[in-house]
């Protein structure tokens, strides 16, 4: 079952266009700020906890701006070469293959580096010349310097609650980005999102958001991170599918966020009280 | 004795189908929850100690759902490339070989990443786009983005008792999975399983389960982890084969779980009392 | 979309010439000192915080001296080989490709190693024979010793506020460079720069510089690094584009430099007071 | 003196058969337990100090069971690939070469992983599917899943006195093995072994065993590990060859086990007393 | 601009001959000692701070002895292979390329390993057989043992002020070398050197040496290392070129050696007093 | 100057024969013990400080036994592959090249692993099967198991004063070797050696040995290791060549062993007193 594959099957940049408008409800003036940053060619840093809508926001903005969105999930082994590109051997010739960052620069796309602090330091340095007024990208291996077209934009995200001394964005990198704060949506809005995405009615969605808020208050009592809107939607989907609501909350909103049995018990009791 | 082997001998996905119904006795409503998660395309996280039946449960669910089960035992050196696939040189051409995750996505199988926290961080990031509503898998090296068919499911397991600060599932990963707790089965059920799997009679099985429970109580007294149902079955098999029951318990239930001679002595005495 | 590319597309050194005079306003006699160092073939070390104009100064000097400027952003994985060059396989022949340092030496350019302490130790050792009176560069892999022409100059930069014990410039390296201090420009000058670069009027620029100075005073109260002139310009651009000035300052001058919510609140209040 | 060697010279599995009955005197019922484990297809873990006869026992059992014995001395750099096998390039074709574990599975041999905790984690994970009731070995690189024949057995050893937190067998691995304790043989038996293996008479052997026991008592006084039976035999051989008995004991039984000069002196005095 | 280069362009050893007598003024009897060590084939270790003339001394001795001088700047990534040599693929044949140490042995040159403690441990072991009475160099990869001709000499340097526990020369290496102490030259001599090398008159040189001495006294007050003669010469060159003497001293003698602003201020005041 | 070299130039084992009797004066019965160990096929461990004659002793024994001596200087990067051998590509065929250990086994030579604790763990494991009664060496890559001829012997050395917790010989390795203690020779003997090797008369040699003894007494006062006989000989050679005796002692016996200036001063005074 090995497939003979031509090495030239690189994904055309059009594939990165968002075709359907993503469901996104703005919390503040984040859309206007992003538009202004885009017009002024300022790189943008989205700061906020897991599941607070950063990725969805990027998809929404890319849709609005009608630019392809090249997303890179950063991780410890992501190297500058992975971002920029490499030579591949094909038969007896050698062909260059653009990395995602190069592809975005070349085609004026929006490049989004998700959880950028996870990447290796050399990756982060690679974006420096793209984030000052030169907006260039030297590709040593090709011997070219790409000039980013005005449509190109660079955006990164990170979760300030996570950063340790070892993994932090250096000031020389941070100070190259305008920064927009993200947080969980306010109650009324979150309720509408949960209902819309999971299919439960607004009353049940209100219960779920209520529980979500109480869980988030446990952050002062040892919880590492609050429950995300995504998990509220998971609970809603299980309930809609017929699972007992209390069980669904335990399975989708408690067990995923903590292994601490005391915390689990406290939250389970809150769920029982509310769902009664 | 070197075998000339064609490089195209990739294992067909049908080989991953579970043909015989695995012996699995449910403890709670874990089967219904898994079925609902499957229908709603929610990824599932099985949390529980060693030998509490997580792998067997996955085999049972795959059998019930009639989907191939691609199991990956995660370890420190498991890279994203191992999961996704790689190019192999064959003579003078180059051929792509799907990794286990890609194979599961392509064929709508269930992919089960066992002890997922053992894997390197880049492996874990690779599953992110498969676990939100996009359900996609970008394969950079092929330049394609696979869309997972609705039959595809991703499942992971981990042992909460083990996790250290260094090896823990990040919240940004955890919050993508519905989580089902696993634990040793209740006494009556465990007795039946031990009798069924080892061949000893119910009385002997009851003795073994009784000893197992008492050993598990030693977790408060310094035992790292309780004795698994699997080791109870090992003891039963040795007894069935003629080994002295006390000896069998020592060999199969005590020495495997601890090197602490004080603990060994205390447990040996319990065994002697019960087996008398 | 894979491009067949000839491996000989190395960037001609002329491409590194700065064609348009960069906007640079001298703070002290740094231009005369640099010119004298250049005439005396002394290597130069630019010391100063992020965004204090070191890179811009290098571009300005290269423009004035009419020499190409080869800039290398140093990072943890930058090896001596990256700087010096390597053999590349092309079809069935092997061709040498100059690294950026070799290219600068060969063509009498100015080589600027930005944030040099980030580089690996072997990189730093490679520059030693270029920084004493021999001014040579042995290329072991080619078996040649290049003698730097009198036009060649080596310059490095680093941020003294950052250095830890692990990442510090060794005395045997430091003592090979004349060192010029850089700091944020004085208020009147910074105001002019902000107005010139962002397009806001001088009154607004004065407000921004005033806020910038107050933020920099927070360094005694736990702020890791002051706000750079670049971020003041970012704020100016957003304001010029119609974003509310207070919002623009928060987005461009506060959130980028700290995740500490107490610090953010204190600075936000200062902004509100000044912008009222 | 470079030898032209055909790459196909893989060692036939018959070479791993033990042809002559190894000299082994059982201490307890370890032979019966091993036989029962073999019949029940249970993997076996031999726990005990250096030189307590674990390797000899494995050779004896392999001889008794008439199965080839494939021994792997584990070490920090032993990878899963080393155990499973790899592709080797031969001229312009590529051939697969079985690793020792694969060879043992394929031919129904006994595979013995000596000092298993020394191996890297991925090696240990590789044996998991062979140690539960599936008894399979997936070879990703060949795309095959080997089913172990009923003659195949997996055995490991480790020294509980050595394990640190860093290098310990995980419970999820430990609980897959029946565990047999090993220790130095009782005095009468050890005396017979020393006499048999070194050629000294029983009186001298008794002296040596007596000294050995006293040295082992020093474990409470800072000695890292007791003296092994093997070293007693070394001393016997030197004495048989004409070396002064006291000198032989110092050379073969004291200097090899400790560098602590105080301990050496104390033990030397004991030797002088006994040998007088 | 890729150059087609023949791989055989290895640098002939004659290129390593010092053609012009280097300017070197002896401080003590170091020349006689070195000559005697050379006649007796004893390896030499030059110990001393940065910029105290060790490299210049080696060039002077190589000139006097009319032997080529092969200098290797040691660094963390310098491997034994780098020193000894390697096989290079050229078209379809493989050719051996001597490393710098092998080249020196083969041609009876002086090999100078600068800052030897920076090198990896395997590098240092490689020089052991060259530094006892065997004076041989086994090249495993070629299968030859080179015998060093009587003209060959090995010399190393290191800075005792730098060594940490991690990076220290092992006694088994140290005790293979005769060791000569180096330090800054006495005042009168240093004054002459500064005047000769920078072009300033003797009065100005005396001022610079005076300042240098006072800076060196700050080593008791937290200065990591004293100012080297080289930096005194740098200051002289800037002054000769028209830079204000006080400014020149700050730029060339203070900023390069410390980032501590208190120290900088104290030394600046001394400079102002002396230069007035 | 690249040499076309045939890859088959492996060094014939005869080259490892010691042709001239090395100068070695026994201190105790180490020669008899080594001979007995050789006859009984027991591996030998030489324990002692730097420069106490371990390497010379091995050369002497190899000469006496008329066996080739294959010496391997162990270091951190020495791998099992380096010891055992590897395949080398030659044109379009692949040839096996024996490593030093394999060569010694194949030809019945004495293999001496100098400073064995420096080697990586996998290297040390490789010698295990050669050091028990099997005396075999499995070469996985060739698929052969070599049986060592009776002439083969394995010997290791290490310096007990150096070992840290990280770098220590494991008991499972130590207990495979008979261990012989080495130390500096007694005064009268050392005097004779120094006179013989350096050419100074016995009176001067006595002075040097006297100084050496006093330096060794400084080990209680912070000296890391005593001065070796080799350094006494170095001093003698310099004196014989006309260097002032006090200067020669400082250069050859004090500066090489310590960077501590207080220790240097104390020892220099002793030298002045004795040499007066």
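We just call them A, B, C, D, E and F in the order they show up, numbering each chain from 1.
Just so it is clear, contacts are C-beta pairs under 8 Å (C-beta built on N, C-alpha and C of every residue); 3 or more make two chains touch, one makes a residue touch a chain.
It should be emphasised that the depicted structure is a prediction, and the values quoted were computed from it without experimental measurement.
With contact taken as defined at the outset, chain A and chain D are each touched by B. Traced through touching neighbours, the fewest hops from chain D to chain F number 1. Two copies of one chain, chain E and chain F, form a contact in which under half of the residue numbers belong to both partners. Relative orientation of chain C with respect to chain E corresponds to a rotation of 60°, obtained by superposing CA atoms and rounded to a multiple of 5. Taking the mean of the C-alpha atoms as each chain's centre, chain B and chain D sit 30 Å apart.
Once the centre of each chain is set as its mean CA position, chain B and chain F turn out to be 52 Å apart.
Contact of a single residue of chain A with at least two other chains is seen at positions 7, 10-11, 92, 97, 143. The touch graph of these protein chains is a ring, one cycle where each chain has exactly two neighbours. Traversing the ring of chains that begins at chain D and proceeds first to chain F, the chains occur in the order D, F, E, C, A, B. Only residues 7-8, 10-13, 29, 32-33, 36-37, 39-40, 42, 45, 47, 79-80, 88, 92-98, 120-122, 124-126, 128-129, 132, 138, 140, 142-145, 160, 163, 170-172, 174-181 of chain C touch chain E when the two sit together in their complex.
Per the touch definition, chain A reaches chain B in the complex via residues 1-5, 7, 9-11, 15, 50-51, 55, 71, 73-78, 82, 89-92, 97, 99-100, 115, 118, 159, 162, 224-225, 227-228, 230-231, 234, 237-238, 241-243, 247, 251-252, 255-257, 259.
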